[in-house]
Amino acid sequence: MTGERNVRRLALASALAAALLWLFPYAWMLLTSLKTPQELLKAPTALPGAFRLSAYVEVFQSLPVARYVALTTVMALTIAALQIAIALPAAYALAKLDFRWRAAAFAFLLSALLIPAELRFVPTFTLFSALGLVNTLPALVLPFAVSAFGIFLLRQALLVIPDSLIEAARLDGASELYIVYRLLPPILAPALAAFFLVSFVHHWNDYFWPLVMTVDDRVRTLPLGIALLREQGSGVRWHIIMAGSTLLSLPALGLFAFTQKYLLRGLGSGVG
Amino acid sequence: MQRRAFLLSTAALSGGLGGVSCAEGDAPAGRLVVPFWFTYGGRNRATLTTLVARFNRSQSDVWVRAVFQGDYFEGLAKLRTALAAGAAPPLSHVVGEVVPYLAEAGVLEPLDHYPGARALPLHPALGQAGSFRGGAERPLVVVPFNRSTPIAYVNQRLFEAQAGVPDTWQGLREVARALTRPGRFGFGCPIDWWYWAALVGQAGGEVVEPDGRVSLGNQAGVRALALWQSLVGEGSMKQPPGRDYNAWEQLSQDFLAGRVAMIWSSTAFVRYLEETADFPVRALPLPRDEQAAVPTGGTHFVLLKSAPAELKQAAWRFVRFLLEPESAAFWSSETGYLPVTTGAAAGLQTSGFYARHPNHKVALDQLSVAQPWPWSKNLFRIQREVVQPRLEAAVLEKLDPASALRDARRLAGESQL
Amino acid sequence: MKPSRPSQPFWLLSPMLVALGVFFVYPLLSALRTSFYEWDLLTPARFIGLANYRAISSSGELLSSLCTTLLVSSIVVAGSLLLGLGLALAVHRPGRLAALARSAVFSAYVVSWVSVGLLFLWIFDADAGVVNQLLGSIGIAKVKWLTSTAVAPITVALIVLWKVTGYAMVVFLSGLSGLPPEMHEAAALDGAGPWARLRHVTLPLLRPTAAFVATTSLIASFQLFDVVRLLTQGGPVRSTTVLVYAIYEQLFRDLRVGRASALVVVFFVVLSALTWLKLRAFREEEPA
């Protein structure tokens, strides 16, 4: 059985290497954020002399971090809520109802996956300009109202729910809306949670869409704000940029830490 | 669960929107808020913020809100898209090369009838009249803000043994060679349109001929590019990596770290370099070839036509404030940009500032050989789309300069510019 | 028997259909239309027929951004398949180290491109970045990770790989969890060693999972923008100008809405073709 043992050793070695390779950059980011500019110039690879948070202070001083965080959170929450509101009835119809054009609707949805935000922004920008919506919250939220990924996920989860459950509810006089928004959500909780988390994190982190849809700092999101740290003038101040980068990563990492189980499970349910 | 999420997000949304609109809340109530989009960071940003605060304190009906938008090109992109979307501010500042385009697109507010506009005591080379060929005959649309010329900086400590200052191209070549050591370049220059334009001027050429033809300097353009190529080829010149201002910044860092002995950069960095270097820094004018010539750089204030009249008037008051001798002198001395009014320049002279900081005077003196830009609405496209990419490629990949520029000329001529 | 309610599906699907129509169909059709015009957003648009398409192909811009995108994409797709599968196999076991590795690798997928971009901009800095410093300390010359036309696109691809492998790994993990254990046991009883089991049992069964990973990696790699914008701005000399970045530059740097639209149309056609090809290739081999 040495074959098995060697394989296990290789697996463990790979796991260790992976853990190091993926954790080291974060560690480096954090360490750099604790240094002074002199330390960065003279000894970039040494450990910081002391645990110094001055870079973070400077980030808070040069950017309205709280405002950016609030705005980004509101935007991401709204998008996720809107996506769920639209996905639930759509997934239900596609999974549980029988109608002639169901396959066509599904194919239509599928093709949407091929048109990422980066392809849509030029005409959407001109549309929103004509409507005077550029640089507003709706411009950041509305284009993402439909999540094909979310509808797929919910549809998969719905396919395993027995029809009899829904039949029973109908016999009891429940309307379709009641079934979609009251009956099913508790049953779909894991998939909904995964959907919500993935969507929230994805849009919270989004850089491209806010970059092209906003023109000043009134609806600037946190990723944009942190990216601007880099565009400062005289002298690239890495400790500040890394502090900003750390701050930007914390919410996503924190959320991930708390919800790992649900996320990995919920994603698994819709795949393969 | 879904309904709770919905209610939660509506509540957050209203709270958030309230919070967002309170962004203007740093302005005291009752003041007219004038957004001013600006585009550079570091020390210049800090100095601007100080001046904005001074203005806001000095009167009680206008509040200027300065919004940082990244670097010149980022900010310009945002300004243009904001103009298209009807979301532009009343006041911003733009590089000289794009002014003709914006003016002809009709988005700039004519300034002739604004109080005091025609009577501003501007340095002749820096106002609209001096900055553009034929600028005086056109409606006034720009007022100088942070203006500069390219200058050379030398690491005085490394330069000590060197006799003679490079004041010709040949001199430049010799000095660069002499100062190059293993691990250190004698000379560094961003491969950038601005410095190329300087070289073209020095070689006696024009980027755009007076009749509007885009000649890219003809032979002068080729010689300019060839100079860079030969210096890089000899190993005495460093071509800093990075796009646009990243390259300038990188070069500054190399200079400060002692990896490059002499660099060409903007007078805008004189204060930063003097204060950060641990060696004495000396500024020099650029060398001559057939003649001495430098382009002007930096940006001009623009008022955007689309803004409401009262905001434009208020913005103009802020511009006038910045052009007062005291503010202009403060701006110039703190950063290194040129004093744009004769009053400011005189003030810096009489207060002894230039005696104490001779490096700051180099660019000012160099203005006597400053060349105006052509008033061509395609100038910006020529710079960004046609010339700049080819300069980078030509030096990096050692292309034939004549054919690279011929290519560029063809592109400039045939595209629907 | 399900009661068929003809009107109900329509109302249930209408929000989705409306949103898809406005934000997916309209932009694509609009891009097609705008691609025949010259427009700088500030002055009226001018019809110019196919001139935009001619311009982007004759200037080499289309070809070069396509090639760059394909280069980066192939590294990302191949890498995510190999690394994703390899890591999934390595960490598909109980134990704290495996759990740590799983979390660490997937966490990169969760953070923002801005964080990752800025972080690796610093790590790969030619002078002071940790990679070159470490290389220097063992006597290797500094590599121009982001400033050499040959190396920069590869560096970008590697950074992308670092970020997206976690997703591939998770997908493969759930694929592995779904495999029937009896087949492995049977193969083991037949005397097959772990590598043979891998080749003859595991891999064939994972084909559909691999197809899924390949397709999503392909689509994701074609959407790259943030990392290019933050690290190289498309340079040096356009060597990292991927399609989306080229579109962005046409619009925001050059204010050529028509050309940006032409690039969008081509992009859509290429992506659809590639996806269709890929799905067809995998579907033919799919076990029933």
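The chains carry the letters A, B and C, assigned in the order they are written, with residues numbered from 1 in each.
We take it that a contact is a pair of C-beta atoms (placed from the backbone, for glycine too) under 8 Å apart; a residue touches a chain by one contact, two chains touch by 3 or more.
Predicted model only: the values in this text are computed from it and were never measured.
Least step count on the touch graph, subunit B to subunit C: 1. Between A-B and A-C, more C-beta contact pairs are found at A-C. Between the CA-based centres of subunit B and subunit C the separation comes to 37 Å, rounded to the whole angstrom.
Annotation: 38 Å between the Cα-based centres of subunit A and subunit B.
Subunit A and subunit C, compared by their mean Cα positions, are separated by 16 Å. For subunit C, the set of residues that touch two or more other chains comprises 41, 252.
Within subunit B, residues 81, 84, 253, 257 each touch two or more of the remaining chains.
Annotation for subunit A: residues 41, 85, 125-126, 129, 212 touch two or more other chains. Interface residues of subunit A, counted against subunit B in their complex, comprise 41, 64, 67, 70-71, 73-74, 77-78, 80-81, 84-85, 88, 125-126, 128-129, 132, 134-135, 137, 181, 185-186, 189, 192, 196, 212, 215-219, 228, 231-236.
Those residues of subunit C lying in contact with subunit B across their complex are 38, 40-43, 48, 51, 55, 59, 126-127, 144, 146-147, 149, 232-238, 252-255. Of all residues in subunit B, only 1-3, 5-6, 8-9, 12-13, 15-17, 19-20, 23, 35, 37, 40-45, 67-71, 74, 78-79, 81-82, 84-89, 249, 252-253, 257, 269, 272, 276 touch subunit A in the complex they form. The touching residues of subunit C, when paired with subunit A in their complex, are 2-6, 8-9, 11-13, 15-17, 19-20, 23-24, 26-28, 30-31, 34, 41, 86-87, 89-91, 93, 97-98, 100-108, 110-115, 117-123, 125, 128-130, 133-134, 137, 162, 166, 170-171, 173-175, 177-178, 193-195, 208-209, 212, 219, 222-223, 225-226, 229-230, 244, 247-248, 251-252, 257, 260-261, 264, 267-268, 271-272, 275.
Looking at the complex, you find that subunit B touches subunit C at residues 73, 77, 80-81, 83-84, 105-107, 241-244, 246, 253, 257, 381, 384-385, 389, 392-393, 396-397, 411, 415-416.
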